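Take a look at these structures.
Next come two complexes built around chain A: one with chain B, the other with chain C.
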Partner chain A sequence: MGMAFSFILVVILILIVALGVLVPGLQYFFAVVVPYAALLTFLAGMVMRVLKWARAPVPFRIPTTTGQQRSLPWIKASALDNPSTTAGVIGRMALEILLFRSLFRNTRLELHQGSRLAYHWEKWLWLGALLFHWSMLLVVLRHLRFFTEPVPGFVTLLADLDGFFRFGLQGLYISGVTFLVAVTYLFLRRVLIPQLRYISLPADYIPLFLLLGIGSTGILMRYFYRVDVTAVKELTMGLVTLQPVVPDGLGMLFFIHLFLVSVLAAYFPFSKLVHMGGIFLSPTRNLPNDSRARRHINPWNYPVPVHTYEEYEEEFRDKMKLAGLPVEKEG
Partner chain B sequence: MRDSRYIITGLIVFVVLLTFPLWSNAGKAASPPQPNLDTPAIQNLEQKQCVEATEYMRADHMQLLEDWRNQVVREGKRIYVAANGKEYEMSLENSCFECHSSKTQFCDQCHNYLDVEPDCWTCHLEPKEP
Partner chain C sequence: MALPKPEELVPKSYQPPPTDWMDIPVKFRRGTYLYGARAKNLEAVGLPNPREWSPEDEDWKLPANWQEIILEGLRERLGRFRSLQIFMDCCVRCGACADKCHFFIGTGDPKNMPVLRAELLRSVYRREFTTAGKLMGKLFGARELTVDVLKEWYYYFFQCTECRRCSVFCPFGIDMAEITMIGRELLNLVGCNIDWIAAPVANCYRTGNHVGIEPHAFKDMVDFCVDEIENITGIRIEPSYNRKGAEILFIAPSGDVFADPGIYTLMGYMMLFHEIGLDYTFSTYASEGGNFGLFTSHEMMKRLNAKMYAEAKRLGVKWILGGECGHMWRVINQYMDTMNGPADFLEEPVSPLTGTRFTNASSTKMVHIVEFTADLIRNNKIKLDPGRNDHLKVTFHDSCNPARAMGLLEEPRYIIKNTCRHFYEMPENTIREQTFCCGSGAGLNSDEYMEMRLRGGLPRANAVKYVHDKYGVNMLACICAIDRVVFPALMDYWVPGVGVTGVHELLGNALVMRGESLRETDLRGEPLPVNDGEAKEDA
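What follows is the complex of A and B.
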């Protein structure tokens, strides 16, 4: 159900832009208004989400102990998995953000011969996720050639390395291909593993279909049904210099590509994709485990009215004595 | 708000990085490339027309050049019949540069704009700039 719904939704989006740009005058809407609105929504949405998280109280450390905590000098501590210093935390965060360390620990649980439980190595999700995220980063960085003039040297360098192989006379960008392959894998995984399919919702399928649409229109318009890339850059440079013009000859595939990217960007802060910002604010990852070494005083402690035993005895001493109860102070 | 120092700094870095194209181009005027069509060979044309339609040339000239290369190198054919019936020699140096006689003022105009560097000139001769 979720899958059919999400698929139809993305098809409708493609139809909207495909039919929309045929209407005279609407090209400006899809090429200028929608991208600007999407960028604003993306930035404002991300900032708002992060500020909302930042307001959540984190009164103490939440150690997730995947390694030995630092304690006595002769017990070997795990400096990265259970860090007690800021440097250790930076190391753990870097491993998490750049190499998805917690996904690497993924295991699969299965019953064997009736009732024997076994944990399996499960590295495919980690591999697929790593391939996808790094490819996407490379693709997005290479796209900077549309948004800068002159193009910075590192973008040229990336494009040269990435485009080492040839497709006809053009460079074949490996990251563009691995991007599509990885998204396809992440999608098939959801569809083919029954347990995973059972827990998948439209919120899981919609980003995947959007990314599949973006990747395939990108590859189609670079290698098969080419668009006038010079006109595309005229548009994008107009957008970034805030003097938007819509040049003639922008292809249909480009409009679809751009619209799907805009939808993705606008949807990003409100979807599960905000984990891009969320990863930085995970309390179980970004706090050193020094709960025992340092005293953490709840910063929003306020004075609580208490009734101590001394005050209690003061109040009821006579009655206690009458009842024969022991008291600490006589009279 | 806890750790607001780090979070706000992080957010500012995020927004600044993402808007890099906006502020790095601020105040500049976007000037589209102007491939120069004013060459003697083109002046002498009765009909100012490229090998194929202009829209096709702008988007697909790499495809055309690849077809030409494959035709010449693999099939041994050297004559191309365009959609409008005109015949051209399938040659990078003798056809394209016959009319577009300046590489720097034509091809490079667009290619620098888009940061593409075809590697043809490691083997093929660049035309002498007039």
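What follows is the complex of A and C.
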């Protein structure tokens, strides 16, 4: 149900823009107003979200320790999986964010001969996730050529490396292909693995369909129904310089592409996609395991009622004396 | 209660049912849920809504405005815990955690997948605290807080042992233990605790320990172990209690004082302390290392934990040494100093035997006994005869909390390898940071819950069975008092022929004491293997 709903939703979105740009005058709306509004929503939404997180304190030091602690000097501590220093934490976080370290541990459970449990090698999710995110990063960076003039050297360099292989007359961007392949894999996995399908919500399918839509319109524009790149750049530079113009010849595919990107950006801060920011702030990962060596402060630590020793002795004094246990007060 | 046969208890499949999980109401079937907290136990510590009730009742006798109380409680906690906000907002439902939970593995119940356990709370969070959830409702995984939802929380938050295994695999470190802790806090706001937690809490508050042992009885129980040690070694040990001016306050989980086989571990501690001439004292007031407050609320954890520092201060000791216990060390490592510190009246712990400074404990001033003992062995301060443990083929169970909330992995192994000659590790996906829970932690170790405990213990037992079949392992060592209490039944059921021991029991057996008589039995009074030379073993 979630999947059908999300699919129809994205189809409707595509229809809206496809029909909309046919209406005279609405092109400006889809090419200028929507992207600006989406960008603003994205920025404001993310800032608010991160501020909201940051305002909540971290009362306790609760790293999940996944390696040997630092204790005695002759026992080798696991500096990255159980960091006791800030440098160690930075290393751990870098591994998580850049290489999805925790996901790399993944295994798959299987039951053999009725009762023997086995944990199998399963790095496909890790691989697919890494491929997807890194491809997307590359694609986004390559897009900077539309938003800069002159185009910075590193963007051209990235594009050259990425487009090393040829497709007909032009370079084939590997990242675009791996992006689509990886998103398709993530989608298939969600549909085909029964447990995953069971836990999936529309909120899980929507981004995947949007990304599939964005990726496939992008590829169509580049290799099959060539878009007028000069016109696109005119539009994007206009947007960047706050002097928007809508040139002729942008084409239907481009409008769909741009609209889906805008929807994704506007949807981002209100969805699970905020994991992009959350991963930096996760208290089970970004704190050193040093709370026995350095006191961690809880800003809302309030006094609580306790049962004092005096109250305890008051109740048990006679029994304690009889048993020969020392007491504070004789009477 | 008759238990199903082991073959019947293993799930047939892990396929989820056709019905959406939100449409499956929770069923309270004997053996799979825990009894509700008795009124007197809530009253003893001033917790709300004390009453007599049972989870099987239709009417849970909740306060009239219970929804308001819980939602307000949730709002307050969202403001207090960044962890909660991040964990509510960031799950991408990638499913990496799904098959990592022992309760899922043992039941096949999809709501035992950590991700769905979190959704139980997250769905209410969405509805009340997010725009999309408010507008779109169920379609966006949001739902109203109804009595059925509350019952589901009770069932599944007390079907999570806060073991943190899921959090090891989650790419964002989402920790179901943290969510369960807060979920239980919310349940406690309307009086929905389980009695197996509420009673120890009430006892601990008043008498200083979970079982409610009064001071004179505590002394009697320790003295019983003293007699046993004398029978076995010929050496009379004289422990002290509540003694001012001792150098070290020693706090063990009370399970080691009253429960078999924990008492053998206690004997091991005391033999070691005697042999090295440690200047230490027990306390009857702080006679509990464990802390069932951790399974109730952060506040209750703090209230019970306060006794450790208070007693250390009253007695004027220099530092505190803690026994083998799992969740006790979660509290000490991750909460104690923050909650009840600073312990500026204590000194940085230094081993009086080796001079080693425990710089890793320079602020809490509390050292784990396996750290302490590993350091003694390393510095040749004690004499060990591992041959006395030759009848044992040992494997080691990493308890969840020392493993995943501390990282105490090598120290116990070092002690075992120096006290036993036959040590075998379980498969690598089941030990160290990936260790499987005993299935009875976080206050779920009650008899009425036996079926669920056996299910939850399946993955651990399965790994023990592997080394039992392959190497003939007959002894499961651990550093947790709850483990020592719950594993015997688990082993008898899944892997008959495997006993359970604390690491310091192994040490007590191997420890060569000055002036001891020839040992004929081990600490359990069982005859030692005839020690006719090590050659036999080597052959």
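To be clear about the criterion, the second predicted complex is superposed on the first by the 298 of 331 C-alpha atoms of A that agree within 3 Å, B and C clash if a C-alpha of one lies under 4 Å from a C-alpha of the other, contacts with A are read in each partner's own complex, and residues count from 1 in each chain.
Just so it is clear, contacts are C-beta pairs under 8 Å (C-beta built on N, C-alpha and C of every residue); 3 or more make two chains touch, one makes a residue touch a chain.
Computed from a predicted structure; not experimentally measured.
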Chain A as common anchor, with chain B and chain C clashing or fitting: fit
Which of chain B and chain C A:V58 touches, first, second, both or neither: both
Which superposed partner A:V50 touches (first chain B, second chain C, both, neither): first
Touched partner set for A:Q69, first chain B, second chain C, both or neither: second
Angular separation of chain B and chain C about chain A, which is computed from CA centres of the superposed model and rounded to the nearest 10 °: 160
First (chain B), second (chain C), both or neither touched by A:Q170: first
Chain B versus chain C as contact partner of A:L281, first or second or both or neither: both
A:L144 touches, of chain B and chain C: first, second, both or neither? first
Of chain C and chain B, partner touching more chain A residues: C
Touched partner set for A:W121, first chain B, second chain C, both or neither: neither
Per-pair minimum CA distance [chain C against chain B, superposed on A] in Å: 10
Footprint overlap on chain A, comparing chain B with chain C: 54-55, 57-58, 281
Residue ranges of chain A touching chain C (in the complex, touch as defined): 2, 5, 49, 52-62, 64-72, 74-78, 81-82, 84, 96, 100, 102-103, 105-109, 111, 114-117, 119, 125, 129, 193-204, 270-272, 274-275, 278-279, 281-285, 289-298, 300-301, 304-309, 312-313, 315-316, 319-320, 322-326
In the complex, chain B residues that touch chain A: 1-4, 7, 10-11, 14-15, 18-22, 24-26, 28-30, 32-33, 55, 58-60, 62-63, 65-66, 69, 110, 112-115, 118, 120
Contact footprint of chain B on chain A as seen in their complex: 43, 46-47, 50-51, 54-55, 57-58, 144-145, 147-151, 155-156, 159, 168-170, 226-231, 233-234, 237-238, 240-243, 245, 247, 249, 251, 277, 280-281, 299
Contacting residues of chain C [partner chain A, same complex]: 6-7, 10-11, 13-16, 21, 46, 78-86, 89-96, 98-99, 105, 110, 113, 115-116, 119, 130-132, 139-141, 164, 167-175, 178, 205-208, 214-216, 219-220, 241-244, 284-285, 298-299, 302-303, 306-307, 310-311, 314, 332-335, 337-339, 341-342, 356, 358-364, 366, 371, 374-375, 378, 403-411, 414, 427, 429-430, 433-434, 458-459, 462-463
